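Two complexes, one shared chain (subunit A), two partners (subunit B, subunit C).
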Partner chain A sequence: MYQNNDKISISQITSILILTLVGTGILTLPQALAEEAATNGWIIIIVGTLSALLVAFLHSYIVKSFPGKGLFEILEATLGKPVAHIIGAIFSLYFIVINSFLLRIFGEVVKMFLLFRTPIEVIMFFMLATNIYLVRRGIETLARLAELLLPLILIPSLVLFLLTIQGTDFSNLLPVFQLSVGDIIKALPIVFFSFLGFDLILVFGRFVKPEKNISKAMAISILVVGLLYVFLNTITLARFGVEQTVHLIWPTLTIFKTIEFPGLFIENVEAIVMVLWVFIVFMSMAPLFLGATITLSNSMNIREHGFLALPLIPIIYFISLFPDSVTEAYYYLDYFTKFIATSIIVIIPLIIAMVIVFKRGIRKEDQGA
Partner chain B sequence: MRNKRLIMLVLLMAATLLVGCWDQVEIDDRIFIAILGFDIAPEDLAENPGQSKYQLSISFPNQSGGLGGEVELTNVYLSSLGSNMHSILRQIGARTSKSIYFGHLRGLVLGEELAKDPRMIREILDAFENNPLISRRISIGIVEGKAKDIIEMEPQQEGDVGQYITRIFRKMDKSQRAPLMDIGEVLISLHNNGDVLIPRLVPDEKEIKTAGSAVIKNFALVGWLGEKETIAANMAAGKVDLIVIDIPFEEMLIPYNITDGRARYEIFHNKEDIIFKIEIDVEGDLEQMYLNAEEDLTDPKFINELQSQAEKKIKDMVEGTLVKLQKEFNSDALDISSYIQKYHPSLWKEIEEDWDEVYKNMNFEVVADVKIRRVGLSR
Partner chain C sequence: MGLWDKLFSKGNKNQDGLKVHKNIDKNLQAIKDILTDASDVVYREIKVGDELDYKAVLIYVDGMADRILLNKFVLTNLMISTRITDERPISKEEVPKLIKERVIAVSETKEVDTIDDAVLNILSGETVLLLDGYEKIVIVASKGWPARGVSDPVTESVIRGPRDGFTETLRVNTVLIRRRIRDPRLKTKPYQLGVRSKTDVAVFYIEDIVEKNLLEEANKRLKQIEIDAILESGIVEQFIEDNWISLFPQTQYTERPDVVAAALYEGKVAIVVDNSPFVLLIPATFNSLMQSAEDYYERWAIATAIRFLRYLAVFISLTAPSLYVALTSFHPQMIPVKLALALAANRQGVPFPSIVEALLMEATIEILREAGVRLPKPIGATIGIVGGLVIGQAAVEAGLVAPLMVIVVAVTAISSFAIPSYNVSIAFRLLRFIFIFAAGFLGLYGISLVGLLLLIHLCSLKSFGTPYLSPFVVFIDNISDLKDSIIKAPAIALSNRPSTANRGQKNRMDDKRPEDFGKGEK
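Right after this comes the complex of A and B.
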């Protein structure tokens, strides 16, 4: 059915998940949190991480209940065939739309900082084309690349952020605990959105060996990303303070403009930042892309997912060019994540899990009788 | 046959990679602007007074000669009028043979008249904050007079004006007679409460001096602080490094070189009064006395006396400056509001509404603690 033997290890799936979670949310997170929670963003990140963990355990429970089965087969076994086709299609559409937003924001950022006169269509097309290449090779190639790129992305990014520490004022994080429960709940979707992508485990779970460690992989990747977000948020606030952070569209990129060393030789690090940015977005897009093709091919009864990769290009391309401006793109993205994405990754898995528990209950009763 | 076609196809596709790059600019086709100056457009020059608000001036070194001969550098000055930074740059761009590049911009100077208009300051600073190329570490200064005069100066110490001003800015932290601010810090402070101190630049025939600071209140220039007052303001902000102050002793002024220092804040409040207390701890060396001094520098009693004289001096300086900022300009340039927000959030909630009034009626208490660590070689 697939090339290679399609088995990936726990450390590989962890790398894939970490890289998928760190998407474009990283750019806007400190701004959104400063606006909603002023200096207490880190509390919301911690609460958000815990709630994401909770949902992630729900997902891994589902995957572990059906060892060796993919998303479509799980849906089939729990909700029946016709519903499975529909929900499978919804899931792949969801992956496609997230991917489109990622692609659009990627293009906008690159155009803003690096290629001022290159048409955004060209930037986006080459990103997609590279993705196709990886997606057609399947999960194993993706897993190996993720394992390879994770340190290559993480270490330079951390070094760059540490360089910005010069001139930070940690008193900007005061006052603490000026937050009501209502505020936390109101701001929670912002953080939760920054963790979108861990639902890929429903698709990739079948490839992971041994599957009993899946929850561990989920926990590690979400905690790592949560920690990273706390770190970024802290540094950004310490550097800029609440008021300034609120007035920046991409504070995590603006912070690099504060790097300066005597002798002028490390400055204008935009080029390096953009290199990392390309990697980050690429490794966020490719897994989602693969998830979309695998789910779609299953629900359309196509045996080889690779054939579907190419036809998806124009779809993703046009969806990502649909918003007229960055502003509009963020506006749609906000709605999409708040309502559609949350319901897809929370409500549908909840229903599946309930069916599993229910069926088990019946089985036990049968045995008992 | 098939193979040949395939090879042709691959070659053709590879050829598309050779078409080049949309964003390509050769490095010698670029002008690297080091410094920008903004003024209000003079009325007699403006073609359509409604639209031309600003006069933007740039200068850059121009290379002539070359090819084996002596390379000669001459400064080129350009200035133009327009409604905002970007449209003016387009106009200037139409007059230059190369493309203007801001990635290495080092400084921004604003004219005095322009700085009095809050709208204009906000427009210009936003153009800087919004630009993905311009670093947040560039220096900013307000010129006593016109920014154009500084940009078009022929400095005697250095060939290139841009570089000269840049170096003056960089050296600022050695003299401390101007506040230590880059544009990033100014922007943060302005976002906080609209009040800040910006270095003052005083142009001379062939020199520029960084001396004192411009007091900004609600995004507009409301007055100046002198050099001594700026030192005091720096001390109150805890930015103390290599300042010399004179300790009055009998009929002499003894130079005391502060090498290190910090400031701590405290706040006391009851229903009516708010007292803002600043404790300034400094340490440093005595630079000189006079020959055959009658007083003994190795006598702790005498050192103590000098220390208390210095404490009194610092207390007076800082208190005077704080009261001037408070009563004369009503500008919270030292970000006292941010301090209250951070450390006394409940008090801040009470006074947030009428902060302006509260600040105006606030009392200050300055306590200085001076340590004379070294006295030099002679006694």
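Right after this comes the complex of A and C.
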């Protein structure tokens, strides 16, 4: 009967999107922004949020124009079958690459904070294996997990951040408004990377019921994440100041090391933070992984997406181990977001949307004639 | 059908559907042929009336039928009253009708057409009355065997609440349920499952509250059961559950009629199986398995606190030993300095790594627990003292385990008893060992990953279409369900039925009766 009807609600897609977005940016955003914009990072975040919103509306417009259709079917209907196969493959490759970056950074962090002597390969492999288990369970399980974990992740994280306020100095946030338009545009891709993942709606859109609320889900998740980033950035800057933030690889994690509970028996909250961190990255990787397998199976005409999960492991594994160091990984990541990711999530959807509008125009003319 | 059909139809193909003959001797012989070598079946041949010399045979299984009822209201009437009454049948053809309508003073009788049905009724404890020249067989309801009385539910005792528990007799159990729901819309659907055991199974639901899909699915799955014997509701459970690989029970069982009634009022379906004091409730969610009947009878704030405590108990019983392993062997820097020093001093003489220590103690306590279950009650307590106190103390003194480990194991064991459903708590007991291995291998990271895997598994589970973790996984859409989850809102606030119930009957406090109900009473 209703074993797996593959339907997810608006609140579930919102939870998925929020968790996906948070995982990509939470670690490095404050550091990158401090480097680019010093104390004016929050302005860039706000501008970035607004521009992400614009792109998100473009995406939801596309999804809503094809209710019940997946990414591949949308591409097929707008750009034709051969192009659809290619772009479908590019999209899944794009998901795979982001996933690989996330995995690499995750492995490095776990190695640095938790398991000093365990090889990073082992850490990464078990994370991937856990991902596979979820991917094979499908979208409904992911949606339920996201809705379950969202409060379990967000509330403790916010509480932890509030605890760090103790040692903050808000004069670190000054001066403000020292950016030219050119500076903002230059720094925008950094923020944009922190929002990568909302393009998953193109893949997951067809499972969402009712479709008409998709743009609402997108708007809520991007705004929530934008707010979180502003909060995060402010606290980090206030705690460390620009000079120190620039020199930290992962300021967001370092900040927790400074927490002191007066009189409580827990002296450091690292254990809690690391568990949260595993959950956050997992909830960021798993949707991307699922998106990759679904898109790939569609463009390869394989009915069951679960079969593709295993063959993807070595690919992701290889890509994530490709950079020699964290610095190199971030270097590649920078290029990837600036050029490839931006074109995939902005330019391709723009073309699709134009085709849709164009075709509608033709249909209207036909009806008018 | 299929395999079973082939296996079992061979033996009784000839009798299958054998019609009742007009000649009483042929019928008697047919039944005797089927029930050969059955020394507990009683055949009582009698003659009715003084003139006609009408032959009748009474057949029942000794011990399963109520003999006093048969003597007093069937045999006395047939053999004596028919002689002294003024009513005399005019012809032999009228006799069966007269006997049925005027002689047998038993509240329930019915008739069957085939010998097979008659035999099944005999074996179920009814009494069969063969009448000469009648092409049907009369069944006299006479079930009455020695049964355990209604007593305290052993596995689900409460401090406050009714003390009657289900027994092994289906009829007693249905009475206990019916007494709590005087609603004409309480329906019950009978089944006989098991090719050989022909166990009675009754499906209970309240017609307008139950979700139609759920009922259909339950009926469909029950009909598909193909097995020779159903001995306990646990066997039914394994045949109808969604995922047989999972460690987690996807149906709820209970010994308490008040729990069944409450579930029926929430739109669930109850499956009562004869010979089992455990009634199955579907769908089951993790949330419902973590509740106790008492939560609803006590003050709400206390019930809420106790529910928080139970979830804490789940967490401790799952992860306490593995956290000990992870923190001592992988992340000593995460423990506060003073505690870490104390711990190190504690563990100084212990020759094993902490994972061996944990596995050793956990295995010991599991064996103790299993031994305690099997032993007679008075010895069981001794085992607890010997095992818990003596072994624990001795192990520490011998320097085999750290004292803290003993504390951790003890707290873990106690926590697992605080989980209300035994079948959930044993699932966690097994998972605890997986957690320990993960902790021994990857420390806190391993624990997080296994925790994630567990959550994914629980999220993927469904019980008859209801997500196993609801309402936690659909809470934004069904926010009012959260009022009866980890929190237990005051009774007044629980005005809505859970979303598993039929949407049309959402409100439980202002339950308007349908308009055609009770019409014409004015």
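Of note:
Everything below uses one rule, namely that the second predicted complex is superposed on the first by the 361 of 369 C-alpha atoms of A that agree within 3 Å, B and C clash if a C-alpha of one lies under 4 Å from a C-alpha of the other, contacts with A are read in each partner's own complex, and residues count from 1 in each chain.
Here is the rule we go by: a contact is a pair of C-beta atoms (placed from the backbone, for glycine too) under 8 Å apart; a residue touches a chain by one contact, two chains touch by 3 or more.
These numbers come from a predicted model, not from an experiment.
By the touch criterion defined above, A:V278 reaches subunit C but does not reach subunit B. Using the contact criterion defined above for the overlaid structures, shared-chain residue A:T258 touches subunit B, although it does not reach subunit C.
Once chain A of one complex is fitted onto chain A of the other, the partner contacts of A:Q244 are limited to subunit B, with no touch recorded for subunit C. Within the superposed three-chain model, A:T118 lies in touch with subunit B and with subunit C [touch as defined at top].
In the superposed model, A:E270 makes contact with both subunit B and subunit C. Of the two partner chains placed by the overlay, neither subunit B nor subunit C lies in contact with A:V357. When the shared chain is aligned, no partner comes close enough to touch A:L158: not subunit B, not subunit C. When the two structures are aligned on the shared chain, A:R137 is found in touch with subunit C, with no touch to subunit B. Comparing subunit C and subunit B on the residues of subunit A they touch gives the larger count to C. The interface of subunit A with subunit B overlaps its interface with subunit C at residues 114-115, 118, 122, 267-268, 270. Note for the complex: subunit C touches subunit A at residues 213, 216-217, 220, 242, 327, 330-331, 333-334, 336-337, 339, 442-449, 451-453, 455-457, 459-460, 462, 465, 467, 469, 472-477.
Contact residues on subunit B toward subunit A in their complex (touch as defined above): 21-23, 103-104, 129, 132-137, 184, 187-188, 191-192, 338, 341-343, 345. Within the complex formed with subunit B, the residues of subunit A that make contact are 112-119, 122, 171-172, 174-175, 178, 240-241, 243-244, 246-247, 254, 257-260, 267-268, 270. Those residues of subunit A lying in contact with subunit C across their complex are 1-3, 9, 11-12, 110, 114-115, 118, 122-123, 126-127, 130, 133-134, 137-138, 140-141, 143-145, 147-149, 265-268, 270-271, 274-275, 278-279, 282.
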